[in-house]
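Dropping the structures in below, format is structure tokens.
One chain, chain A, appears in both complexes that follow, with chain B as partner in the first and chain C in the second.
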Partner chain A sequence: MKYRRMLQSHNYVRILSTVAFLMVATVISMIFLLVFIKAGNNLNLSFFLEKPSGFPIGSEGGVFPAIVGSLAFTLIASVSASILALIVALYLEFYCSNERFGEAIRVTIGVIAGIPSIILGLFGYSFLVVYLGFGISLLSGGLVLGLMIFPYIEIKFERIFRDVNEMYKISTYALGVNTGYYIVHIILPVAWRNMVSTISLASSLAMGATAPILLTGAVFYAKAPKSIFSPAMALPLHLYNLVGENISIENAFATAGVLLILLVALNLITWSFSYSGEGR
Partner chain B sequence: MNIYDYADKIAHRISRIVVLTTFLILVLIFLFILNESLSFLGSGFSDTILSVSWRPLSKNPSFGMLPMILGTLYIGFFATLLALPVSLGCASFISCQVRGRLKYLMLSMMDMLAGIPSVVYGLLGFYTVVKMLESTGLMAAGESIFAAIITLSVMLIPYMASSYVKAFEEVELMYGFQTRALGVSKWYSMTHLVIVHTKGHILTGYMLALSRALGETMAVMMVIGNSPILPKLFGKGITLSGLIALEMSGAQLDSLHYQSLYTAGIILLAFLLLINLLIRKIESWVKSNEI
Partner chain C sequence: MVIDIRNLTTYYDSQKVLDDISFKIRKNRITSVIGPSGCGKTTLLMTLSGLVNKVPHFSMQGEIEYRKKTFTKDNLGELIGRTGFVFQQPLAFPLSIEKNMIFATKYAGIEKSERERIAVEKLKEVNLWEEVKDNLKMKASRLSGGQQQRLCIARALTMYPDVLLLDEPCSALDVKNTAIIEKMLVELKKDYTIIVVTHNLSQAKRISDEIVFVNEGKIVESGTCAGIFNDPVEQETKDYLSGNFG
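Up next is the complex of A and B:
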């Protein structure tokens, strides 16, 4: 009797799983529907191209400076993070001969990945803004965001390089090719598609992050930034202010719509690069 | 020696120096945060941390962080506990019922959902859960711990589910042929083989989600009400990260208030490092127990 009940239990699991899946699917489709329905009429071309206005500020007008600011933050973050990640990943995969040293670096990167973004923001405030004197600026915010996405990019780069290396390692050793030539002429041409898709996925993470730039680079209102030492607006912080200060819930949904459109665009880049790479 | 040999040597040296900067970054992070909080701990107000009154600016200041610490843990544990069964069910449905291109599409959808910024989840939580709580009339303001738990668990589900699908697929690769050859149905093998075999992965996935939940700032901050009182399910509350994000802009540089916020950061960091350590322990335990 006991065994028969055990044999039946997978049917209950099946029903419960289906219910769980349907629940998640409903919630997910509701998220997208709700954002774009509520954004609806407000989300037009002038919302993209005008600066926030009205009193309190943000209750009318658009989000142009915030879009420019967000793109600038994301650009600084992804450039700084991917250069560092590229060098570290190449070193770990091709040059590092000391196992324990490599393991120590991997643990270090794992610890950095586990630090929550608000703490990185605190660090950025005391180190970049106050100690180095960068002030509340695009540069400090971008660098903190870069620090946030660096572990993510590095871990993925290392995996990509390991996969390619496994394919060609023995042949290149047999031919006596030197490591620098091997990296430039064999590894990078094969791996660059996956690398680009990794970077664009990481920049979509950086674009949505609020906590690190809240303390280091983003402000309530600013014009479109002129240099990397000027503070800027950012879309997620603008959205938070519109809701938190109870300014305009319609404009908040429209801002969320803009943010989601930018993220979907970045995801399409990711998807097209990685997908066509698989087909080849 | 041709030019590539020279280039190779230089690249090796430079990259080693660059790699050492990652150590430097980690050391700097800990140094700067510890530095600020140590001067708070030496100031004589440190014993007020474990009280419940948070009055950093009054004449007789007291820095009670008990509400924030308990609030963070309360929300983290309950949100992950709520998300765990749903994401397990969702993951087993995807790996049992969906195949081919549709599965690939669903997995990339999951990854995309995990990448939606937390402010957007916060906005939706504010607009749906908080407004719904207000309309029931149970409480005057809908912003509560309950709303934060619901919002956070919706945020965590795609993240947890996609990690579980990956773990399930590995087991499928190991035992898929054998179970099908024996004529075992997919759901039977899911219930009695796959889930049992991946319990270590399920635990580490849970812990990873927990560490994300404890560090989450914006989504929680937008729906929780942000008042420093002890957490109750249908009452306002505050988290450590929310406290830092809210009060940092108002804190004067090098004041006790400023340093106490860094101490809050250290407390949060200590929890997360503890979880990280546990994950490593569990992973090595799983590796040693695998056949």
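Up next is the complex of A and C:
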């Protein structure tokens, strides 16, 4: 009787899992189908390689400067957020002996995660653009995006470090080795694959964000940026302008298609990189 | 005598774990610490290694004399790395066999050729060299449980400790590997002083020269292996050895 009940509950879980998977797969498929059908023939190679043109601008041509801008914003965001997250997560997990101080840092990170992205953008405008004089630039926009994804990366990094077998730590200490050596030779080699996956997911989030770069780095039209102090186009803002200004719905969907292709490519590259060689 | 423990009392927060323990560990002997679960055996071993210093809320009274230096709560951390410590679970680092073996010596700044020489020497001491010499670049996690435990012992020996502390080293191993480890420990005692924590009385009887019986944080009785097993003085010891508790 008990066995039959267990079997039944196991079957319920299996059915629920299948339903959940089908729902997620359906939603994702619908998004992709809608975008690529609506984009139609506009989404072609020249759309990737040409700059926006026509009048109003964007009604013809492609999105090349926006692709470069989006990748550059994402790169700056990922690098800055990952470095900061790595330092904070290592400190909290291995060096912070004051529990209250550690908790205060964690609460602060939680608060940052909850700040609306437009407010982060406003902060970036006041502090980076005006006060530090970075101007409307890739650097300002990238750093604000970095601030937006930092809590996500930091919290995941901490969890990844915590998941490494605790016995490794005490075993290395028993050999007279210090925490820094343990981190470099055990923690990072064990954890790097999961860390790369985390950064990749956070980068996807950054690439699709509009509000943080609206006031800090992205502009309506610019050539491909030449330095980190140049303003740049970004795919999400370009898409917003094409729809908001009623410039070209087809090009808006084509831009969305480019953004989706970049996100999928980013995830596939990271996935193959993370799971190559020794596997999981 | 290698280690002299005098009036050792330890606490986690306010909970007393070891209660006024005093005994001596003699050189080139295998001393087994026996006792029921939770009696403080592992805490004793961790204290002798200094590793308790890394445990939050730990405090101690009393002193430990090791190599003619006295360690108290103020300098217990200096003991870390001076003794070799082997844990219950065979836990090779997630590195190659070679990198496991040079892990500590590389940290200590020992030259590459010397590191390699030490690694080979210690793998031979634990009778593992012949089994792994052609696969030193292989992930250590691919070794069997028994081989991993011998690797852990060899790794602990690379820093040339004169005392080897083992916390239930065979509890996760099968009979065959247990026999291999026991034989190896008996061979190693000519070069090292060995302290083994075990709840396996048969094992303690097979390998030990000295026995320390601990219960509820206190030493109930200590003496030679034959003396404790054949002619225990305390009723508590007799009850434990006859399986009445523990």
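FYI, the second predicted complex is superposed on the first by the 238 of 280 C-alpha atoms of A that agree within 3 Å, B and C clash if a C-alpha of one lies under 4 Å from a C-alpha of the other, contacts with A are read in each partner's own complex, and residues count from 1 in each chain.
In the analysis below, a contact is a pair of C-beta atoms (placed from the backbone, for glycine too) under 8 Å apart; a residue touches a chain by one contact, two chains touch by 3 or more.
What you see is a predicted model; the values in this text were computed from it and never measured.
> Tell me the contact category for A:Leu49 with respect to chain B and chain C: first, second, both or neither.
neither
> Looking at A:Pro189, would you say it contacts chain B, chain C, both, or neither? Reply first, second, both or neither.
After superposing on A, A:Pro189 lies in contact with chain C but is clear of chain B.
> Under the stated touch criterion, name the partner, chain B or chain C, that contacts more residues in chain A.
In the superposed model, B touches more residues of chain A.
> Thinking of the overlay built on chain A, is A:Leu132 touched by chain B (first), by chain C (second), by both, or by neither?
neither
> Regarding the shared-chain residue A:Leu215, is it in contact with chain B (first), chain C (second), both, or neither?
A:Leu215 contacts chain B only, not chain C.
> Examine A:Ser171 and indicate which partner it touches, taking first as chain B and second as chain C; both and neither are also allowed.
second
> Touching A:Ile37 in the superposition: chain B (first), chain C (second), both, neither?
neither
> Tell me which partner A:Tyr181 touches in the superposition: chain B (first), chain C (second), both or neither.
both
> Mind sorting out which residues of chain A both chain B and chain C touch, each in its own complex?
178, 181
> So in the complex, which bits of chain B are touching chain A?
Its residues touching chain A are 4-5, 7-8, 11-12, 14-16, 18-19, 21-23, 25-26, 28-29, 32-33, 35-36, 85-90, 92-94, 96-97, 108-109, 111-113, 115-120, 122-124, 126-128, 154, 157-158, 161, 185, 187-188, 190-192, 211, 214-218, 221-222, 241, 244-245, 248-249, 253, 261-262, 265, 268-269, 272-273, 275-276.
> Which residues of chain A touch chain C in the complex?
Chain A reaches chain C through residues 165, 167-168, 170-178, 181, 185-186, 189-190.
> Going by the contact rule at the top, pick out the chain C residues touching chain A in the complex.
On the chain C side, the touching residues are 49, 51, 54, 80-82, 84-85, 87, 89, 91, 93-95, 103-104, 107-108, 152, 155-156, 158-159.
> Quick one: which bits of chain A touch chain B in the complex? Just the residue numbers, please.
Residues in contact with chain B: 7, 9-11, 13-14, 16-21, 23-24, 27-28, 31, 34-35, 38, 84, 87-88, 90-92, 95, 104-105, 108-112, 114-123, 125-127, 130-131, 147, 178-181, 201, 204-205, 207-211, 214-215, 236-237, 239-240, 243-244, 249, 252-253, 256, 259-260, 263-264, 267, 271.
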